[in-house]
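Dropping the structures in below, format is structure tokens.
In what comes next, subunit A is part of two complexes: it sits with subunit B in the first one and with subunit C in the second one.
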Partner chain A sequence: MTFDELIVTRRSVRQYKEEKVEKEKIEALVNAAIWAPTAGNLQLWHFVVVQDEEILKNIKLFSPGMPKTTHCIIAICVDLADAEARGGAFIRKSAPVDIAFAAQNMLLKAHELGLGTCVVKSYNEKSVGQILKLPSEVVALMLVTVGYYENSPKVPVRKNILEVIHYETWESEEKANEQR
Partner chain B sequence: MTFDELIVTRRSVRQYKEEKVEKEKIEALVNAAIWAPTAGNLQLWHFVVVQDEEILKNIKLFSPGMPKTTHCIIAICVDLADAEARGGAFIRKSAPVDIAFAAQNMLLKAHELGLGTCVVKSYNEKSVGQILKLPSEVVALMLVTVGYYENSPKVPVRKNILEVIHYETWESEEKANEQR
Partner chain C sequence: MNRDDQDRIFTYLITSAKGCVEEPPLYGPLRLLEAYSMLLGMLKREETDEFYFELDKKIEDFKNKCMGDEKQFVEGLDQALESLTNYIINK
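Showing the complex of A and B:
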């Protein structure tokens, strides 16, 4: 699969089979994640992999957007105290962005391995932190559900790039559009 | 190049040649970006491509971390008013994360095309917005420098995944480490 095919055919999957995700594949996902760039190469991330059904059940209670059939979650976490100590207040702001770079590598790698994923951003951070027994200054900034799936979801409509690309300044493109 | 090779050999490039990046390649980068997932498929992004040396000079004045030899910037922007109108306050928070997913696709696509990139997050948002003539509610959330380069930078050291992977809960891994 070419890179273009990989990015274009990746879908957000919300319906998973019960089939367990193998440890080697989980590690391949984390390995992909850690090659993403980070501000100052600080690599503040931690990855908590959850496949225990009891823990999953508890997380789902605090995450309304989590697919019901989720059997594997990778929680991407950051130690915010460590972040601030090493990179200042700026890093606290940039950490969620670094996490997202890593997550995107993970989503693409999963797709290459035949696994579906879905990013879940809406959940009770404090409760999920307690369930995962995170130290007090560590926060789960993103949950990624991972699993095998039966059917690939439909392709969500994408905007044409002409709607979102501007040259030199915002206005120049508006003018160019008017002239068309 | 396989996906693994792509992610492992991508570097943050801070020294660019003067050679102009072709419009087709710029469009290929934006095309890669828009296949990233977005919360609610809102696709709030806009991409302002700057290659005008006068505008670049002005942006560099307000971006201390920008490589001096930068001849092309893609500013990834979001209309925050539109974001909030369509997705509520939550989207305002999640937009920077969606932008990062898109940026990571762009960094990898650039690398595949032989282009170097560097993410710049430290700049004066208001001044850059004025230079790019962004409407008042549109914010440039990330600048990505793009260009041809002579030498590939050294590989920054990556943590071993055993340092950052935890199973089931944070603690379980600490216990596993102790037992090793």
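Showing the complex of A and C:
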């Protein structure tokens, strides 16, 4: 698969098979994640991999946005105290960006390996933190579900790039002409 | 409704209530529809009317549109409600 194909054919998968994701594939995803850009090279991320059905069941209880058939979750976590100590208050803003970069690497790597993924943000951070036994300063900023799947979701609608691209300034000449 | 079912629906409702404070507005209706499906799934087939299972299938078809096509999502909701109203009036 070419890089462009990888980007364009990736989908958010919400229906998984029961087949367990192998440890080496999980580690390949995390290895892709840790090569993402990171502010000040702080590498604040930690990855909690959950495949235990009892823990999964409890996380699902507090995650309204979680696909029901999920059998593997990677929680991307940040130690906020450590982050602030090393990066100052600014890091509270940049940490979620770093996490998103890392997640995107994981999603693309998973797609290359034939795995489906879905980013989940609709969950209660405190409850999930309790379930994962995170230290008080550590927060799960994003959950990524991973698994094998049968059917690829439908192709979503995307805006044409002409609707979103701006040259030099917001009101570029092309945009101004369009509006006339 | 067994204890596991109680855990599922109660945690879902309370977690969703907190989530709806900050989440996109259309997630509110989505959570209510999910709760409907969840409650229905906790009933035995003979404990309720077949209509409600059929309605659930229709809801399943448009439910996730809230993340990409608001118009279709709202139309789906309107149709589900119309169908429910007809059912209640005529039963």
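Here, the second predicted complex is superposed on the first by the 173 of 180 C-alpha atoms of A that agree within 3 Å, B and C clash if a C-alpha of one lies under 4 Å from a C-alpha of the other, contacts with A are read in each partner's own complex, and residues count from 1 in each chain.
Here, contacts are C-beta pairs under 8 Å (C-beta built on N, C-alpha and C of every residue); 3 or more make two chains touch, one makes a residue touch a chain.
Given the structure is predicted, the values throughout are model-derived calculations rather than measurements.
Trainee: Applying the touch criterion given at the start, work out whether A:Pro156 contacts subunit B, subunit C, both or neither, answering first, second, both or neither.
Mentor: So A:Pro156 meets both subunit B and subunit C here.
Trainee: Touching A:Leu61, do we find subunit B (first), subunit C (second), both, or neither?
Mentor: In the superposition, A:Leu61 contacts subunit C only.
Trainee: Check the contacts made with subunit A and report whether subunit B or subunit C touches more of its residues.
Mentor: B
Trainee: For A:Glu53, select first, second, both or neither according to whether it touches subunit B, subunit C, the two together, or no partner.
Mentor: The answer is neither, since A:Glu53 touches no partner chain.
Trainee: With both complexes overlaid on chain A, does A:Arg10 touch subunit B (first), subunit C (second), both or neither?
Mentor: In the superposed model, A:Arg10 contacts subunit B only, not subunit C.
Trainee: Considering only touches as defined above, state whether A:Glu22 meets subunit B (first), subunit C (second), both or neither.
Mentor: In the superposed model, A:Glu22 contacts neither subunit B nor subunit C.
Trainee: Quick one: is A:Ser127 in contact with subunit B, with subunit C, with both, or with neither? Answer first, second, both or neither.
Mentor: Only subunit C is touched by A:Ser127; subunit B is not.
Trainee: Does any part of subunit A touch subunit B in one structure and subunit C in the other, and if so which residues?
Mentor: The answer is residues 122, 156-157 of subunit A.
Trainee: Contact residues on subunit A for subunit C in the complex?
Mentor: 14, 61-65, 122-124, 127, 156-157
Trainee: Touching subunit A in the complex: which residues of subunit C?
Mentor: 7-8, 11-12, 15-16, 18-19, 23, 27, 31, 34, 64, 68-69
Trainee: Give the list of subunit B residues in touch with subunit A in this complex.
Mentor: 1, 3-4, 6-8, 10, 12, 27, 30-32, 34-37, 39, 41, 43, 45-52, 55, 77, 90, 94, 96-101, 103-105, 107-109, 112, 119, 121-122, 131-135, 138, 142, 156-159, 161, 164-171
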